[in-house]
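One structure below.
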Amino acid sequence: MIRIIFFAQLREQLGCAGIEVEAAEAKSIDELKKYLCEINPQWKQFIESKKILVALNHEYVRSNLSLKAGDEVAFFPPVTGG
Amino acid sequence: MIRIIFFAQLREQLGCAGIEVEAAEAKSIDELKKYLCEINPQWKQFIESKKILVALNHEYVRSNLSLKAGDEVAFFPPVTGG
Amino acid sequence: MPFSISIQKDDFDVGNEYASLVMNDTHAGAVVFFVGRVREMNQSRRVSGLSLEYYSGMTERVLEQILESAKQRWDLLSVRIIHRVGRLQLMDQIVFVGVTSKHREQAFQAAEFLMDFLKTQAPFWKKEITEEGEIWVEANQKDKVASERW
Amino acid sequence: MPFSISIQKDDFDVGNEYASLVMNDTHAGAVVFFVGRVREMNQSRRVSGLSLEYYSGMTERVLEQILESAKQRWDLLSVRIIHRVGRLQLMDQIVFVGVTSKHREQAFQAAEFLMDFLKTQAPFWKKEITEEGEIWVEANQKDKVASERW
């Protein structure tokens, strides 16, 4: 399984803090996004927003990395700490 | 009288913390410097050093201002606080 | 602990943090620190408090990476980063960044660098509690520009 | 006292100074401060202490002028400047500059500006107590360059 988590306003927009996805369903970040939007079409506008940041196993990712079972993928809006 | 004071290493080099000069003897900063070097020729190399800063009545002076009785003139080396 | 990071709900004491940063350090000629606090007005909204969320695991890691970059760029003797999370009230302290170095220009630059990257890279999200309800804070273009100068 | 300057023999408490700077201030989102301390090595001399001299009357006036310039350039809520004089030991605190503002970039810039001009303009002179005797500190070209960037 791949663990998917959402933060801040994205979590509220999706109405979901996190889900698990079978590794077979998403072999890359792009496939994962596509899969998430297929199972929840109302997520598409949020997940595909250019502003949304993606992290794989606690590291920012800016390209279409491949995924494997046990990975953790996070989607979140621009950060506003400090 | 004009009050003249010296600080830090300049005071130690001159062996003098301050003196008073008759206003008639020094009508300007340049005249004052000349007068001081006349009465104490061994001061010349220190007083005329390009590094030495001059203040008139607590304000830095960079030109040959005129002096009057009651003025306070200070000579000191570059500052090193902080 | 010359270099340490905390993410915590609890408040911190600036005097104690300062004392720990310089304790027994005969070389720390310069100490710079920054404290961020909850302020009343933000983009013309009246704020009574904040709710701060973070990404446990990743936030610590990003802060460690930022700290590591700062150590490589400047000659630092100690650094302390504290960021609070959870519910905060008006005037509460949010963040502390303290840096010691031999020289002041290094301490100043490192502290600014740490704050600029903390603001733009570390996964924290602020929700403001305002008269008009709870509002997620939008990322600031000015912070992005500030982080790009390094 | 949102804006104040002290020249004093006594030590200061950083925690107390910080508390005074922000007390009841709902707008002070950013606090930056700098502390300068007596450090062990300076230009490869081993320092055991300092003797600090100033020009009573002029030093206060120059610090007030520097503070006034900072207030004109940045939107500052409070500033505290403390400079110690007399005999200081290794690790003693020498100088404190604390600045509060709504925004961090203003607080950082003002604190650096104040320190750069304090270093190059305010009449203070340091004599180091070293193993080789007492040595007047020479003015630093780096400080002069730093003050010329503003």
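Which chain is which? They are A, B, C and D, in the order written, and residues in each are numbered from 1.
Convention: a contact is a pair of C-beta atoms (placed from the backbone, for glycine too) under 8 Å apart; a residue touches a chain by one contact, two chains touch by 3 or more.
Since we're looking at a predicted model, the values are computed, not measured.
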item	value
Partner chains that chain A and chain D have in common	C
Farthest chain relative to chain D (centres taken as mean CA coordinates)	A
Distance from chain B to chain A - Cα centre to Cα centre, in angstrom	73
Gap in Å, rounded to a whole number, between the CA centres of chain C and chain A	27
Distance between chain centroids, defined by C-alpha means - chain B, chain C (Å)	49
Residue list for chain A, restricted to those that touch at least two other chains	82
Per-residue overlap in chain D, given as positions that touch at least 2 other chains	36, 104, 115
Interchain contacts, given as pairs of chains that touch	A-C, B-D, C-D
Residue ranges of chain D in contact with chain C within the complex	13-16, 18-19, 22, 24-41, 90-91, 102, 104-105, 107-108, 111-112, 115, 142, 146
For the chain C and chain A complex, residues of the former touching the latter	36, 52-55, 57-58, 61, 83, 94-95, 115, 118-127, 136-140, 143
Footprint of chain D on chain B - complex, ascending	5, 7-9, 12, 55, 58-60, 74, 76-82
